[in-house]
Each structure stands twice: as C-alpha cells, then as structure tokens.
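Presented below are the structures under discussion, each in the form of structure tokens.
Here chain A shows up in two complexes: once beside chain B, once beside chain C.
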Partner chain A sequence: MLKVEGLTVKYGVIPAVVNVSLEVREGQIVTLLGANGAGKTTTLKAVMGVLRPAVGKIFYRGQDITSLSPSLRVRLGIALVPEGRGIFNRLTVEENLLLGAYSRSSREEIVKDLEEIYLLFPRLAERRKQIAGTLSGGEQQMLALGRGLMARPQLMLLDEPSLGLAPLVVRELYTLIEKIRDQGVTILLVEQSALVALGIADYAYVLESGNVKLFGESEVLKSLDEVKRVYLGG
Partner chain B sequence: MFSWGYFLQQSMNGIILGCIYALLALGMTVVYGILRLINFAHGSLITVGAFFVYFIFFRAGLSLPASVFLVLGFGGLMGLVLDTIAYRKLRGGPEVALLITSLGFYTFVENFMKMVVSPQPYAFKTPPYLSIMYKTQFLTFRSIDVFIIVSSIIIMLIFHLFVKKSKMGIAMRAVAENLEIARLMGIEVNRVISLTFVLGSAIAAFTGFLWGAKYGQISYDMGFLTGVKAFVAVVVGGVGSIPGAMLGGFVLGLAEILSIAFLPTRFAEYRDGIVFAILIVVLLLRPAGIMGVKEEVRV
Partner chain C sequence: MKRPELAFVWGGILLFLGVFLASQFLNRYLIHILVLIGIYSIATVSLNLTNGYAGLFSLGHAAFMAIGAYASTLLTFPLPLREAYELPKLPWFLGGPDFVWPFFPALCMGGALASFAALLIGAPVLRLRGHYLSVASLGFVVIVTTLAKTMKGITRGPMGISAIPLYTNIYWTYLWLFITVYVIWRIVHSRFGRAIMALREDETAAQVLGVYPMKYKLFSFVVGAFFAGVAGGLYAHFTKAIRPLEFSFFLTFQIVVMLILGGMGTTAGPIVGVVSLLTLRYALKPLEEHLKIYGMIELIYAVLLIVVMLWKPEGIVGRSPGKKKRPTRVLEGGGSHG
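Up next is the complex of A and B:
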C-alpha cells in the first residue's frame, strides 16, 4: 500500500533520515520504532508531503506520489495524526473534526461521519461546542484521531499517539487503533515505547540515527535480545 | 460647556470614523494573524479605492451599486496581485522581509498615485442623494452617514459569519493558529492566504470610498496615516482577534473624535498623537489588547 524507497531527508544540509526503505501492506499495522531524534517524525512528514525528500521515492498504491502536495495526498487517502496531537486549540471540537474532512466535498457524508465519530468518542460529543484547548490530554488524542478519521483515510500515519498519556488511556487508545484497523484502515504507527506498539503491530521497523537498523515481523523482533535490551527494558 | 446634544452628535461622528477604522482593521488583523505581518500595503488600497470610485462614479457616471460592486472587485484583485507578486515568494523567510516589502509596496503606490493623479487633493463631491440632511432633536446627520453605518454593519456581519461558519473561514482560523497542521489537513495554505488578502483589500478599497464620501477630499497620501491608525485599532482590540479589531476601531474612532471635541481647541492638532497615546495606555493596562487572543483561550 505504501512503499518508501531510499528516502533521504535533510534539514538544510543536515540529514535527518538516510536511505530509509520501508513497506506497509494493506490492512496491517506497521510500527516504526526508535529513540528520540531517530528520524521517525521526519519520515512521516515526508510520506505526507510536508517535507521534500532530498533523495528517494514514495509510492502509494503503486503510484509515485513523491512530488504531490500534501493536500493531494490527503485526497488520495493518507492522513497524518501529528506528534503532540496538533489540535487547533482556539477552535471548537467540532471545527477541528470538520477540518479533518476539509478535502472532502459531500456535506451529507461529512455530517454522517461526524455522527459516527461522536458514537466512537462519546466524550467528544459532549464537548462538541467546547474550545479544544480546554480538553484533557487523552481527550485531545481522541480528537486528533477522530479528526484524522474524518478524512476517511485508507492509510493513517500516527505519530507517537501514546505520548504523555496515562497507561489506562494508552490501553483505551490502542483498542481504538485496532478497531480502526479492523474497519480496513492501514496504519503506520510511530512509537518510542516499543512494548505496546509491538503488541498490536504485524511488522516493525527500528530506526537509529536516521537509518533502518532492524526490521521484521513483530513477533520475531520482540524475541530478539537486542530489542529486548534496548527497547523493552528487559 | 458640556451638552448631551453635542456629546451625542460627536459620538455619532466618532462611530462613523470608528466604522472606517474597524473595516480596515478587519483586513489587517486576519493578515497579521496568519503571517505576523503589519501590512502597510493595506493603506495603499484606501487611496487606490478612493480614486477608483472617484473616476468611475463621479467622472464616468456609473451608478452607486455598480461602483460599490466594482470597487470591491478591484480591491480584491489588487489584494490578489499584491499577494501573488510581492508576498508569496517570501513566505517562510524572515518576517522582516515581508514587512519591508509591504512598506515598499505602499511607497510605490503612493508615489505612483502622486505622479498619476497629481499631488493636489481632489474634491470628492457626494451626489445629492448622499448629502440629504436629517435634523432630529439631538442629531443632525446626512444620508452618507447612514450609508456608512449600514454598509459597515453589513460588511462586518458578512465577514463575521464567513469566518465563523464557512468552511473557508474555519480553514482561515486554522491557518492562523497553526499553518503546519493546517497543511496536514489538506488545506491549500497559499489559497487561504490569498483569500485573506483578497477580502481585506476589497474592504479597504471600499473604505477609501467611504472616507472620500464622508470627508469630501481624497489625496495620493491619504492611506498612510489611516492605515497606521487601523493597525493601532488592531493592537488596541487585541492582535489577531476579529471582534477585537472591530471593537478597537470603534474605540479609536470615538476616542479620536471625542477628545478633539471636548479638549480645548489648541489640542485639536494633536488628534493623531492622541490615537497613539490611547494605544500606549491600553497596552499598559492590557498588554494583549482589549480582546487579546491570549485571554480568549484561557480556561
């Protein structure tokens, strides 16, 4: 579904990601792991098109999308739920959700999806007219997910969704992510905490200083001593 | 000597000047909200709009509705041109480059106008139906005053509804808050920015017409101080806040008129100074302005 080939992304002259290749199969959850500063966010931004690669190509459903604008990629069905949630704090919950559907045109479908999101996240329904900046961290993450879903994506990129959430909320979040996957959305999940991510992922990549260090089936990776030692704290 | 009749009369004049400031402040506050740019070029639209109406309405004799329609369109087009040729390439660069460009654009237009229409002010004669006098017990006013107040209220209402309710308006606020994230939503940020210039410039050009019709005189340099005062209104109301910009405009217009009306006549020549004194006082009391965004967001 998504294929990244030999991706190099630089900030100025400094490369943040070097020669990264990865593949996300349709219907799967693939996780991209790595320590802070490894290049995970940079990779997602390049897939979304907000950063231009210096080298490399990005294919989505077989189509080369490397030179497409972010708005065209959204239209093709890719959505990024950014690190730190990226909620519009001054806008209401509902306005945030509607912005998720910005690239869509059918009003009826948008209204219908909005109601579905409210069913999925009842807490957002209660707060639909509330300014989003007043939500708790967990609620904001739900809003970010809901906003991403409003684009009706086929591929969702989630950048550290569990960051800063209490363990109980993280469990709730991961149940939701699986639910989203079960509805047919393919997911590329970026996390620092490998333990939970490997639990739901089918496949995993580990980035280190901008390079792919390891990759393989989650089950296999979980049992590797190196992964255990560095990422699973065991 | 204080009399309520005089106070009311002057308040109305203040509100009319306030309408003009408020309309200009709208365009400036949305542009500032998104680009952090004090758009001096905004002032040039006042001048250009006033002369545009002067020529099509008074010289060429087009009807009032047609002139209003055309000046809005003309201003909008100028805004689009300004954004496309002058600003777009500079986005992402240092903010000061935008600022200098906007000053440069203003200077260019002012000198261009000086060359084309002459340095002499033009008399802007209002047609008879805009100069009908109405006398009530307390107030004396002309039909142009009614026209200014009604058209300003209509524009502010439409603008407010647009920004609050329309898809583009929501996108505009999203871009103002976080351009990066807005882009992730699939919003074509450049188009949204262009639109803010188009809307603000259309309104500014129309305001030039109101100014001419109200004060009876237009000149190549009329836009500068008016534009700067409009930005003062933006800051007084709270930078980036749309209701704040409108409120700031009215506060400024009222304060300017009432202070020259009630201070001894020798202060009259300080009316521009008074405007900036108000700015300083407001900022000392409320650093974010009357309706500053920072306060708005607080839980």
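Up next is the complex of A and C:
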C-alpha cells in the first residue's frame, strides 16, 4: 500500500534520514522503532508531505506521491496524527473533530462519521462542547486519533501516541488502535516504547541514526537478542 | 432562520433604535464620542480577524486605514476645491476629472484598495511567523506614512488634506459596524473560520488535515484590511482633515491595545476594549487638560496593557484554556500532559 524507496531527508545540510526504504502492506500495523533522533518522525512527515525529501520516492497504492502537497495526500486517504497530538487547544472537542474532516465535502457523511467516532470514543462524546486544551493527556490522544479518523483515511500515520501517557492509558489506547486496524485502516506506527508497539504490530523497522538497522516480522524481531538488549530492556 | 441569525436581526433593530434615540437626545459632544467608538470598533473588530482568530499578530492596521482614508477622500473631494488644494483629478477609470464619488461606494473603494495592498504585502509578509510578522507589518506602516508624506501631488504631503466633506454620521458608522461584526462573525463560525483557528493553534497539524496555510492567512489578512480601509474612510469624513502623521504606529498601538484589553479571538472583546478605553480617555480628558500633563492618557493605556498582560492575558472577555493547566491539576490528573 505504501512504499518508501531510498528516502533521504535533510534539515538544511544535516541529513536526518538516509536512504530509508520501507513498505506497509494493506491491513497491517507496521511499526517504526528507534531512539530519539533516529529519524522516525522525519520519515512520517515525509510520507505525509510536510517535509520534502532530498532523494527518494514515495509510492501510495502504486502512485508516485513524492511531489504532492499534504492536502492532496489527505484526499488520497493518508492521515497523520502528529507527535504531541497537535490538538487545537482553544477549540472545542467537536470543532477539532470536524476539522479532521476538513478535506471532505459531504455534510451528511461527516455528521454520520462524527457519530461513529463518538461511539468508538464515548469519552469524547461526553465532552464534545469542552475546550480541547482542558482534556487529560489520554483524552487528547483519543481526540487526535478521532480527528485523524474523521478524514476517513485508508492509511494512518501515528507518531508516538503513547508519549507522556500512564501505562494503563497506553493499554486502552492500543486496544483502540487495534480496533481501528480491524475496521480496515492500515497503520504506520512510530514508537519509542518498542515493547507495546511490537505487541500489536505485524511488521517492524528499527531505525538508528537515520538508517534502517533491522526489519522483519514483529515476532521475529522480539526474539532477537539485540532488540531485547537495546529496546526491550531485557 | 437559525437562532444566531435571528439574534443579528434583532440586534440590528435594537442598534438602529439605540442610534436613533442617541441622535435625538444626546448632545453633539456625546455623539462625537459615540461615532469615534463606532469607527474604532470597526478597526478593532477587523483586526481581531487577523490577530485574534488567525493568530497573525499584524501591526499594519494603521496603514490600511490610511489607504482607505486617502482613497475615499480623493474620490469624494468636491470639484471646485480640487484645484485650490492642488489635488489630482480622477483618471478615466475612476470616473474621469468631472466625477465625484458618492460616499458609500467611495468607502467600499477605499476598503478594496486596502485589501489590494494587503494582498500585495501579505504574500511575502505572511510567510513570517510571530514577532517577525509583527515587525514586517510595522514596516508597512512606515512605508505608507512615508509615501503619504512624500507623494505631494496626491496627498499634499505632511500638511495633509482638509475641507473633506463631512459625510460620516452616527448612522453610517453604526451601519458599517453592524456589517463588519456580521461578516466577521459569519467567517469565524464557518468551516473557513475553524480552519484559520486551527492554523493559529497548530499550523502543522492543520496542514496535515488539508488546510492550505497561505491561502487562509492571506484571505483573513485581506478581509481585515478591507474593513480597516472602511474605518479609515469613515474617520476621514468625520474629522474632515487627515495628515500622514495620524496613521502612524501610534494608531496601530491604540487599536492593538484595545483589542488585547478587550479580549482577542472573541466576538465582544474588541468592542468592549474600544468602549472602555475611549470612555476612559474622554472621562480623563478634563483632568489631563487641567493638570497640563499631555500624554497622560497614553501613559495610562500603556500601564493598563502591562497590567492586563500580567493578570489577565486573555483580556476582559477572553477565556483562557490554560486555566486548568495549573500545576495542582497536573498532579491530580493521571498523566495529564496537555
């Protein structure tokens, strides 16, 4: 579904990601692991089109989207849930969700989807008129997910959804992410906490200083000594 | 009709009644103050669109007002006086040398020219963020006032233009204020309005939802400039004389203070700011004259600005989402990071 080939992204002259290739198959959860500064977020931003690659190509459903703007990529069915959630703090929960459907035009469908989101995240329904900045961290992450879903994506890019959340909240969140996958949305998940991510992912890539260091089925990666030692703390 | 629209209809009727009663029963001095309140409100409400809702902290409003003021003045200036004042004759595309514009279209034209200027300078300036944008827009004020001083053939230079026909009255002013508030309210409560507020909150997040930043910023800048131009035109036809100096940074400063004090990003905020500060000004005026400390009111404005920034940065009517983010809350809420 998504194919990244030989991606190099630079901030000025400093390369953040060098020659990264990866593939995400339809219906899967693929995770991108690595320490701080490994280039995970940069890769996601390049897939979304927020950053332009210096070298490399990005294919989505066989179409070369390397030169498309983020807005056009949203219309093709890609959604990014940014790191730190990117919640619009001073707007209400519902306004945030409606902005997720910004690139769509059918009002009826948007209203229908809004109800579906409220079914999936009952806590957002309770707080639909609340100012988003006053939500708890976990609720904000749910709002970010819900907002991403409002674009009706086929491919969702999640950037560190567990960041700053209590373990219990993370577990709840990951159950929701699996639920989203079960509804047919393909997911590319960036995480620092490898343990949780490998728990639900089908396939994983490990980035180190901007390069792909390891990749393979999650089950296989989990059993590798190197991964255990460096990322799983075992 | 939806409820908010209905509120505007009733509000409009009440406003008209109020204006009618004011024009019948108040003395000229009070009406003078009311008209100034109206004009400043138009300027502040329109500045609220860019600075409050779109989060583009522009300091260029005085320049757009100047453009509107000079444009509507030149378009409506009476023919017999034009020669005596050495003002230019209108070119053919503006009606020719024998044509004098009526007031309403002249105001609209002044607004349109201000919008056009916003379009031109917006494209480069709006690429900047935060303070850089503020400073660059301030530069625009300097450019416009300097041009007004030096283009003597059109503006009569530093001495300005006087004997401008007095067209602005309380009805015109409050009609325009009503239009301004309604248009901006409509914009803000639309899909577009949500998009510009999203850009203000988090540009990257908005962008990845499909909002084109430049298009939306430019649009709010251009709309804000239009009403600033109209306010400038109303001002010129009220004071009957304009000079480049009046549209300097000082005017921008006053409007910005009114907006911040009232509450940015709220419907009522800018008007509350204007009413309270202008009322204060005219209430203190006798004292200022008595004590002979001219500029005392400006000092008070500045001090008020500092006080508000310290204790209620969201302004008189503004609501802050940060209220719940006090340290105590973070401790009690499990994992609250917001």
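We adopt the following convention: the second predicted complex is superposed on the first by the 234 of 234 C-alpha atoms of A that agree within 3 Å, B and C clash if a C-alpha of one lies under 4 Å from a C-alpha of the other, contacts with A are read in each partner's own complex, and residues count from 1 in each chain.
Heads up, the rule we're going with is that a residue touches a chain if its C-beta (ideal position, glycine included) is under 8 Å from a C-beta of that chain, and two chains touch if they have at least 3 such contacts.
Please read all numbers here as calculations on a predicted model, not as lab measurements.
> Consider chain A as the common anchor and indicate whether chain B and chain C clash or fit when overlaid.
Taken together on chain A, chain C would clash with chain B, as the superposition shows.
> According to the stated criteria, A:Leu80 is in contact with first (chain B), second (chain C), both, or neither; which is it?
Both partners, chain B and chain C.
> What is the contact status of A:Gly6 with respect to chain B (first) and chain C (second): first, second, both, or neither?
It touches nothing on chain B or chain C.
> Looking at the overlay, does A:Gly164 come into contact with chain B only (first), chain C only (second), both, or neither?
In the superposition, A:Gly164 contacts chain C only.
> Which holds for A:Gly27: it touches chain B only (first), chain C only (second), both, or neither?
Touch status of A:Gly27: no partner.
> Specify the partner with more touching residues on chain A, choosing between chain B and chain C.
With both complexes superposed on chain A, more residues of chain A are touched by C.
> Report for A:Gly137: first if it touches chain B alone, second if chain C alone, otherwise both or neither.
Only chain C is touched by A:Gly137; chain B is not.
> Per the contact definition in the header, classify A:Gly100: touching chain B only (first), chain C only (second), both, or neither.
both
> Give one of first, second, both or neither to describe whether A:Pro122 is in contact with chain B, with chain C, with both, or with none.
neither
> Once the two structures are fitted together, what part of chain A is touched by chain B and by chain C alike?
48, 50, 69-71, 74-75, 79-80, 82, 86, 88-91, 95, 98-100, 102-103, 131, 133-134, 147, 151
> Going by the contact rule set out above, which residues of chain C touch chain A in the complex?
Counting only chain C, the residues touching chain A are 191, 194-195, 197-198, 200-202, 204-212, 265, 319, 321-325, 333-338.
> Help me check something: in the complex, which residues belonging to chain A touch chain C?
Residues 48, 50, 69-71, 74-75, 79-80, 82, 86-91, 95, 98-100, 102-103, 131-138, 140, 147, 151, 163-166, 168-169.
> Report the residues of chain B in contact with chain A in the complex, numbered from low to high.
167, 170-171, 173-174, 177-178, 180-188, 293, 296-297, 299
> Which bits of chain A are touching chain B when the two form their complex?
Chain A reaches chain B through residues 48, 50, 69-71, 73-75, 79-80, 82, 86, 88-91, 95, 98-100, 102-103, 131, 133-134, 147, 151.
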